[in-house]
């Protein structure tokens, strides 16, 4: 007999690699648990973000833990609110470590790379930063070497500096938002961590038992964001 | 028997790919409908622009919707007025979303890329910006790797900054113009959207029924544009 | 029997491609006629420039019209006066459109590219700009990839900015000169256009009938040009 | 019979190359002894650092001496404290030479390269510097030539300057910390050097005899570090 | 019978290409004659320069005229005085055109390229400019592509600007010196030109008849040169 | 019978190429003699430098003369004092020409290139300049094209400017030191030159007869050097 759980396991094995047995000390397990719980809690509390499907601290492939989000339905246009929520969730892992353990580690490297890349696209391709509607040539979609070279960087140093400032400001605002969100929900963060350390994997239903139903219409605590226009605050 | 409609369908299939069946929720359909109606309405109301042939929200190939414009006759020289009108039409999609739905999304990426590219050519190749008559080497037409490399960028950082400022200013002015145009024609925008959501495709005749005849000699509401010289206002 | 005209036609077919039949509306024909007449009239009125051999608005190859100049005899050294006159003639096409039709179009792209290239060489290779006698490595004559790469740009950003300023200033001065020249000869410009629209091709003799004999020793109206030294004024 | 020492020797031969016999004068031996003792003493006195396994001044492969550290258990996340401690240990070699022999030599080249690389990663990839959470594209993991080229440097000159300042400041703070640590433990440094010059190799047990037990919970003398946040001081 | 002249002709044919018959008008011949006489006269009057062997306005290969200098004996070290004299001779051609004909032409392009290249080497490789003794990596002697690329430009923008300023200043000083030299020897310049226009080729003996014996110990009129140190003045 | 001299000759032939017979005039011989004597005398008078083995003005391979230094024993760490002494010796050749003959020539090109390279490494790799302990990626040891390209220059323009300033300052200080050293030993310089012009080759013993025994513990006249720390003065 094949149960639902077998499908789940099969999908995980394909997507994330086989579960690895690695000897992690208690301190490292605690770091990973806070990191994943941070991702999950920010996603749970931010209405615009994709729903959380599963959280685990069983290492798979390169990852020491995973927070899986599954979009409710196919999406064709991503709104600014959705993109900011996505960055918030990415930063939730590191911020949880910082708040709960007063430590920052190298474990968030991939989150920071992804968040920076997304922020850069918002500013340079989707007209959501201080460049206004100017869209810079994308380096990612040009297949030929020669063409890429000349395309390389056809904007000015001043524009490059604006982009960097925008990215930094956007990430700083998101981090401040996430810090306040997690700090004011510290007890819930600890509860998720306790269950996760015991069970190693939590699915959406268990999360709902711990945290109560997700409020999709509620407002997240807004933060002023000078780079990004006022609409942001409403949806967070 | 082969009807005119069969030819239309055949042309669409070649140009835009086969019609795709994708499951889009009501919110996404609404976004696409406002986006395409924005393109169409700006084109309808701007005398210098090409006439609108068809608007559709049936997804084809990569596109979730299409606004087709067909030039009345072959054109050999493009005037500055025509080019500015073209940029206005490009920006109409995103601006309609913003005005009607108070949202900006990633869906306008391609419009922004095209509008930026056109603005850049106006400034760097056609003597229509603050570089005056200086025409910079085009990166796009040099076939050989070595040649492209040395051609790469033979202008100064100061000139690169001027180009970026010009592009930003030009797009900002166009956006402001489009925002005012769509805001003062908000009811007509909503009417087009309603019909489009129901019929999925509208051709020029239906558009004319909704919007009345296109006034090709009327003046569009002009905007001061410090970068570009005064002639612009007249034709918009 | 083979007439002189047959030779002319054969040469044109080789140099410019076969005459093309394209359907151009009256407005486009008018633009092309003013453009070519602008080139021709500036050449006629500028003593240092090569004599005009023929003007035509019959499209050939890529070109919608052509103004042919033929140097009186082989030239081995080009004087600064000759080079400035050549740039003036290049700018005559676009300036005529602007003055007569109050429009600027994309049709002058190639003229601007050539004028910019010539101005750049005057400044960077022939010691005729604010770099003084410093001659920068030419990108155009180095055959090997590796060599070109290292040669690429061995001058400073400050020098690159000086070059751009010089080019812009030189072209602006030439354009101002051409604007004054064409404005004070507006009736002659219109006369050439009228004949050209009717005959489609005018040769030197017809031009002389319309404009009177070319004064090779007369002075063209000089303009102060701070970048370029005082000798310029004398020859224009 | 195979003793533990045989395994040690075998591992050393694989990791470090065969022991080399080179004729070093007394002055050079003294430099190497202070260099390695500097590494070892800083590691011993810095709670966050990996424990010292062995110190030797027997040349092997390229190295004139080696200080081996072995992490107590597998580590999956590296904390900022650990990374700073690691840099401190790297700088201990050169600083010991400077303090004891009033000389700086080329022998620390590799230490400086490694310390700079680690500091750079802290700032540009792990969100531990004045760029905040912005993570720059890593040059090290992109396999394809074309891709690397366009990725090359997509940040501004201003950001490059910030990175350089951060690296310099971080290394300067670490050096000042190490200087104070070694100066206030000068007698212990000399003792390790004396034994090392006589024995040529010291293992952890001998080190403990000379220096007393390693205090893993004690505080190292903190230093203000404006670039890096206040948590640093606590752990050093 | 083979005369000395036959050897001369044979050498010329190998070095410079066969003599070309080109139809040059009187004005162009005059330009070439002043150009070559300028080179020759500056060389004659500058003690540090190589002696003049022959001057000709018979076109050969690419050249419209040639001034041949032959060093008296093999040289192994080039003094700063010699290098400056060489630049002076290079600039003599264009300056003679300017003084006598009040014209500057494209004919000096190669002279300017060579003079700039020599000035650059003095400043960047031979410690004779405001960079002091810092010698920058030479682009010219690295055979491998990869190596050249990384070597490309390892100095700062500030240094690049210094080099450009030095080159411009050095060339300007030399030009001013040459201008004064030729102006105060205007009659001798005209005499050489007259003979050259009649004879087409002049050798050293004829030059001596026109100009009198070359004074190798006399002083050339010195000019203050702030970039280059005071020794220069003595030798010129 | 094979004498010691035969070995010497054989080594020279391998290292430096066969002795060349070139016709050098007296002036050039004098330049070379002062150049080599300058190298030798600075080495003799600077305690930290390697001992002089031989000086010759017999041309070999590319070199017009050679000053051979042989380190007393294998060295594994190079101290800052040694490196500065080495640069001083390199600059001794050109400075001797300048002091004695009031001339600077192209003959020191290779010395300047080597001195600049060494100064650059001190500053960018060995922590001996105003970059502090920051060690920049070395261009010289990366074997693969792609890797080198991305590594190319990962530091800021501000850092590049600091490096250039440091190199210039370091070389200027060394030159000033060498100038004072040679000026106050002018008579000894002339004596070495006299013997060298007569004998063509001098070995260490002859040098000692001319100059007296080398004082290895004596102090060379120190110079303040703001870039490099105070220890320098002591050892020179």
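Labels for the chains are A, B, C, D, E and F, by order of writing; each one numbers its residues from 1.
Assume contacts are C-beta pairs under 8 Å (C-beta built on N, C-alpha and C of every residue); 3 or more make two chains touch, one makes a residue touch a chain.
Owing to the predicted nature of the structure, the values given are computational and were not obtained by experimental measurement.
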Between chain A and chain C, centroid-to-centroid distance (C-alpha), Å: 59
Inter-chain centre distance, chain A versus chain E - centres from mean C-alpha coordinates, in Å: 68
Multi-chain contact residues (two or more partners), chain A: 145, 149, 151-152, 157
Overall pattern in which the protein chains touch one another (line/ring/star/complete/other): ring
Chain order, ring traversed from chain A with chain B following: A, B, C, E, F, D
Residue numbers on chain B that touch chain C, as the complex places them: 73-81, 83, 125-128, 131-138, 145-146, 149-152, 154-159, 231
Touch list for chain E against partner chain C, complex: 22-25, 28, 31-32, 64, 91, 94, 102-109, 112-113, 115-116, 119, 139, 142, 144-145, 148-149, 151-153, 157, 160-161, 163-164, 167-168, 171-172, 175
